[in-house]
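In the two complexes that follow, subunit A is the common piece, with subunit B as its partner first and subunit C second.
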Partner chain A sequence: MTYAVKRIFMAGPTLLVVAIIVFTLMRLIPGDPAQLLVGDLDDAGAIERVRREMGLDRPLPVQFGIWLSNILQGDFGRSAHSGEEILPTLLYRFAITAKFTGIALLLASLISVPIGVVAAWRAKTSFDYAARLTAIILVSMPTFWVGLILILVFGIQAHLLPVVGYVSLSDDLYKGLLYMIMPVTALVVGELASIIRMSRSSALEVLQLEYVAHARAKGLSERRVLLRHVLPNALAPTLTLIGITLGNSLGGAAVTETVFSIPGLGRYLVDAIYARDYQVVQACLLFVSFIFITVNLLVDLCYPLLDPRVKL
Partner chain B sequence: MSQTTIRLSHFSPGPILVGSVLLLALIGLVWTPFDPNALDFAHRYAPPSLQSLFGTDHLGRDLFSRILIGASVSIAVSGVAVCCALAAGTVLGAVAGFYMGWLDRGLMLLMDAILAMPGILLALGIMAVTGPSVAGMIGAMAITFTPTVFRVVRSAVLSLREKEFIEASRALGNRNGFTILYHVVPNCVAPLTVLSTALFGSAVLTESALSFLGLGVPPEIPTWGAMLSDGRNIFAQAPWAVIFPGLAISYLLLGVNLFGDSLRDWLDPRAAE
Partner chain C sequence: MNRAAMQKTNLRHQSDKPLLQIADLGVSFPGVGEVVRDLGLALYPGEAFGIVGESGSGKSMLARAVMQLLPKPGKITSGRILFKGTDLANLKPGDMRRVRGSGIGMVFQEPMTSLNPSMTIGAQITEGLRTQGECSRQALAPRIHAMLERVRIADPEGCLKKYPHEFSGGMRQRILLASVLLMQPDLLIADEPTTALDAVIQKEVLEIMSEVTRDLGVALMLISHDLGAVGAYTERLMVMRKGELVEEGATSDILLRPQHPYTVALIEALPSREKSWRRDIPAASGPLVEVENLRVVFERKSFLPWAKPTCTEALKGVSLTVGRSETVAVVGESGSGKTTLGRAILRLIDHVEGDIRVAGEDVYALSAERLLALRRQMQIVFQDPYSSLDPRRRIGEIVSEGLRHVPDVTRAEYRDRARQALAEVDLSAEYLGRFPHQLSGGQRQRVCIARALIMKPKLIVADEPVSALDITVQAKILELMKRLQVDHGFAYLFISHDLGVVEQIADRVIVMQAGRIVEHGARDMIFDQPRHPYTRLLLKAVPDLHRSADASYRIGTRAYSQPTAAPDGMVFDWAEDGNDSGGAGGAARLIEVADGHFVSCRPGLAAS
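Now for the complex of A and B:
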């Protein structure tokens, strides 16, 4: 129990430092934030008013304090571009990104964990070599390029799938799924490789342990040995990797969503950078980091469930 | 196992792939078939042919020449970024591990926070500050990669600092800086070599992704990422403008990944099996 409490309390300072980094980054941007918000160079009165309203005339640590306490109350500020409140848009966009990354990660794990375990079980056979070769080739292809090639082949040449865009599943289930096929495939291809490699190497380690030999000596079928003894024990390290992969695909969403014109969180961030809408950039960076830290925290807390040797 | 099978199992095409890209990048620095930025409207959307190996784009620019230049940009930017991260991470990691105490705790907190942000995202955030530029790109990736190096060096130093030869060096009256440089750092070379190939791979990937978004290397320099971004708009007329730059990235990454794998097997035989 102490481990769990400690681990949760350790996330606090990390988040605080992340917030400081994000805040500092945005203040390093050349130019006066108040002027950027007003957009009108000559309107000195308006600039002065915005500066006072936002507390920009106060010392930096005070500004940071105000910003952080606003965020803790759920106030991410307003977009300088559209004037909308950021938080509702942020959550709406994140829901879209989460749908894509979640489905892709689930599919990738369901496909690659069994492949990795079987490759380890049949180590040094042609299946193993084929799996490893495929993994290293897949891991070398950038996800956004895979996406472009999918669009080229299935969208432009074969006219099988809609090229780019997004339709909400709740609006039109069939169309929504159709639009999801290519982006999800591209994400899965990118994630397959690392999960195959990780589950293979951890299964390889487990297979050499004495309890596997014991399970076999008891006369259990190979199927049972793999499913009951190898798979669960090989899953623990793989789970950690899955947490990291999720973070990477949240970060990479900026690129994949650009390729497929998906209005997710990544696209929101990139558009905000283009528009120099730094309130939004700041909010996106902090939000994604928060999600990443939370996911890794959950993974760490789940770890003992899979590997009882690690005690909470 | 006989000597030959050992050698065979250590054979890897990785160095050949990486070496060939290096060679092409060097050639690209002194000679390209065409001027990579020359516009030639008479030969727009030309398919791959003997004159123009990879075809031309919407402005009639020769894609093969641009890919050659892109190779040197990609390798140089990624290489310098990884070197900066190695230098910064090693110094900070050695200092943190050697002196421990509040300095160590402070650095750990900072590095953990940087690691807590997805890599591409942090690089994007930094590029938002600097705007598209080569120096910004290098700095962004160096900052993103430093914590990984830091962690490796720090944990190596922590396990080393109690060893006899470190104590001996101290007992001889060597200054701490000398002990770190000559006795601690050399012992981190093996793990750092493996790590730096992995980092180089992610650097190539990050650079191309950010240049694809127009937030990496400035657009007037041909990069593989920017070429993909151009090619995306001329899909229907010139599919080769999307195929070849991506193949170039994948080819280099495949080489780096294979190289890294064989390096790991060689330096850490325990992990090989």
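Now for the complex of A and C:
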């Protein structure tokens, strides 16, 4: 059985376990959704009716089975609050989050991997110390704080950038980009540090291996040694980190989205929690887990491109 | 040796200009000090030059200084390195790059890390050649093909498309050699090129290296800790110690008539049969260890519960005995199952088939409690003294830890017992409070032995106990192990790949190959009259250095003029070309060919 098939097979049970946990958690929350829906009318009959409509009177395993089979058919249910279907909203919100976090992570990787590799190559020089110091400073600044400072400096005082809000790129490209600058910067700052440190330490390890000495002994230029021999081999562990970061930020950019009022997935989830919109919370959590697992799966499947010793 | 004929041409050197001339070279590391001091040497075109030294002698740093590949923050502090008249010590990086590869090629030690795992062999070979300006694939292909054939790679075309991990260690070193020689350097520096390889493979790689460099007229600088290897493949030799030159001269002179006391000590430290110990083994009450038909299969479970697990048969029915106070050596290459055998006897492996009895008790049928009691009588000493001691604990705790399970020993006695045990391995009591990282490799191995000794064992399984140590340290540890056995009368199961060491210490020798015993018998019998072709192959692969009656040394390899003959009606179950003749298809079994000397054979066609 090949590695790829194995990994794909394993994703299924993992998702099932996640679904069970999400479902159970939602049932453990005190309070009755039916009561919430009916409101303050102290009408036992109405509550009973809503319970029956929502299927809340059935045993839990049955409820779970119905929920799961609906989801497998692409039916995430309707929001208890607005009554609209969850899935289209979910996907729309996700597209917004994906745009921000994708661009941010891409930028962060493009900046920090070269910095990390060069810092390792020039280990214990001023460049290396500067890179490490910057990483420590960046990692100590929470994303929301960076966001607020950015808003304060560039939005409120310098009036260079729009403060909060979101404009779709397809509606107005220039304005859309303008609105993206600050949130993306905040996200990039948060991600730089860990990627710099990871790529530096793995490049440091690779630099000590004999094939690097061999490459130099062949008369190759330092540029080529770094690009062909150090970088590809140092990238594998960094790629795993990037994958985890991507999975995390796709589902969990809620803070940044709140600071900048971006209608992304994180905001959707947070709003649903405040509104006690159980259906939406449930669907969001499951969707986020699904994204996380899928991203990590894709990263694992990319591994053999970097390291032929890993067989698919 | 094949190089011996070349020594006549040594005279030529007087008129030739040296290819590489090093004068007053100093290399130092800030905080560490000078690792190479005032070193000078001259290497002539086409000659094979050896550098021998123990760890810390600075031999690798010398080679790296020549290539300007010193690890940071090492620096050349003084002296000149003249290569074809250019001083490499002060060369700009850009100019140095032109010397690397095209002028001086280098082969490194670790076959596992000396090729880039993420590039194909072909890409790695051609990228070096491209720096020389040759770019067209068509022009390069025949040259690459020819060179790979020269280093005896069976399928050169296929090889180019493969990745390094698809080759064995020996093949990788040969590929590396080919890729370096393709750049047509004038000098090849080989830094311990075969140290990580099995003896048979080591010989093969060194022979190919020696042959190809001679044919191409490339000078060879062979760096090694192994006197035998360097002696057999070089014309001139230099001995280094702590960064300094100790002795230099023609290889034969240095090996046969060493002048410097350190060189003498180095040669004297080589294991030999003359240093073995004779002692009376009490012919008492039955064997200590009996192993019958031991089979060990390692299973790798598939992730699907119903699929069959992948099985690797590490031991295929091994039987042996170890007598009380006897030293039985198990010899074999990596993958022969020798380590598994040692661990199975101590029940450090879970599932085995067959019987193992130690002191009459079935090791695998014992209750947990009885097993603990029995384990106290069987101790193990591991190969790597760096990972076999807990770095967070003091030597005293490490040595006395086993006493916790011995009844009637109070905590107050721990320190005394530990002190006694350390004294037996010649370490003073002040080591009790130290940590492992404060000790040298040899001292750590003494601690490992003390840790075994404190339990008053009847059997010590020593798994390659000296193979990670320098040759002079190795000699001292072997001496110590011998003395302890005489004093305490325990038995050794000595697992080793090093036939030299085995020849010195063993009473009986068991030769293993691919999970089975191919030959076993008394030490002299195995070394003087080996019967099995595999045993002969192993013996042929190790250089044999002996002291002659006139106190000079003699280096040679074992040669067998007669092909070995199987007992009547039998055929050997192994042949050097890798083909098992198969016999009449019967199972292989051990046949007694002389008193206590067994050889593995199959029934031959004639017998059936």
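Points worth noting:
What we mean here is this: the second predicted complex is superposed on the first by the 302 of 312 C-alpha atoms of A that agree within 3 Å, B and C clash if a C-alpha of one lies under 4 Å from a C-alpha of the other, contacts with A are read in each partner's own complex, and residues count from 1 in each chain.
In the analysis below, contacts are C-beta pairs under 8 Å (C-beta built on N, C-alpha and C of every residue); 3 or more make two chains touch, one makes a residue touch a chain.
Note that the structure is a prediction, hence the values are computed from the model and not measured.
Once the two complexes are laid over each other on the shared chain, residue contacts for A:44 go to neither subunit B nor subunit C.
When the two structures are aligned on the shared chain, A:308 is found in touch with subunit C, with no touch to subunit B. By the touch criterion stated above, A:247 is placed in contact with subunit B alone, subunit C being left untouched. Of the two partner chains placed around the shared chain by superposition, neither subunit B nor subunit C is touched by A:133.
Applying the stated contact rule after C-alpha superposition, one finds that A:232 touches subunit C and leaves subunit B untouched. In the superposition on chain A, contact of A:293 is made with subunit B only, not with subunit C. Judged by the touch definition given at the top, the superposed model places A:216 against subunit C, while subunit B stays out of reach. In the superposition on chain A, the chain among subunit B and subunit C reaching more residues of subunit A is B.
For subunit C in complex with subunit A, the touching residues are 64, 67, 69, 71-73, 93, 97-102, 104-106, 108-110, 113-119, 127-128, 131-132, 163, 165, 176, 179-180, 183, 302-304, 307.
Against subunit A, in their complex, subunit B makes its touches with residues 109-110, 112-114, 116-122, 124-129, 205, 208-209, 212-215, 228, 231-232, 235-236, 239, 242-243, 246, 249-251, 253-254, 257-258, 261, 273. Of all residues in subunit A, those touching subunit B in their complex are 13-15, 17-18, 20-22, 25-26, 28-29, 136-137, 139-142, 144-145, 148-149, 151-152, 156-157, 204, 247-248, 250-252, 254-255, 258-259, 269-270, 273-274, 278, 281, 285, 288-289, 292-293, 296.
Residue ranges of subunit A in contact with subunit C, taken from their complex: 1, 6, 9-10, 123-124, 208-211, 213-222, 224, 228-229, 232-233, 306-309.
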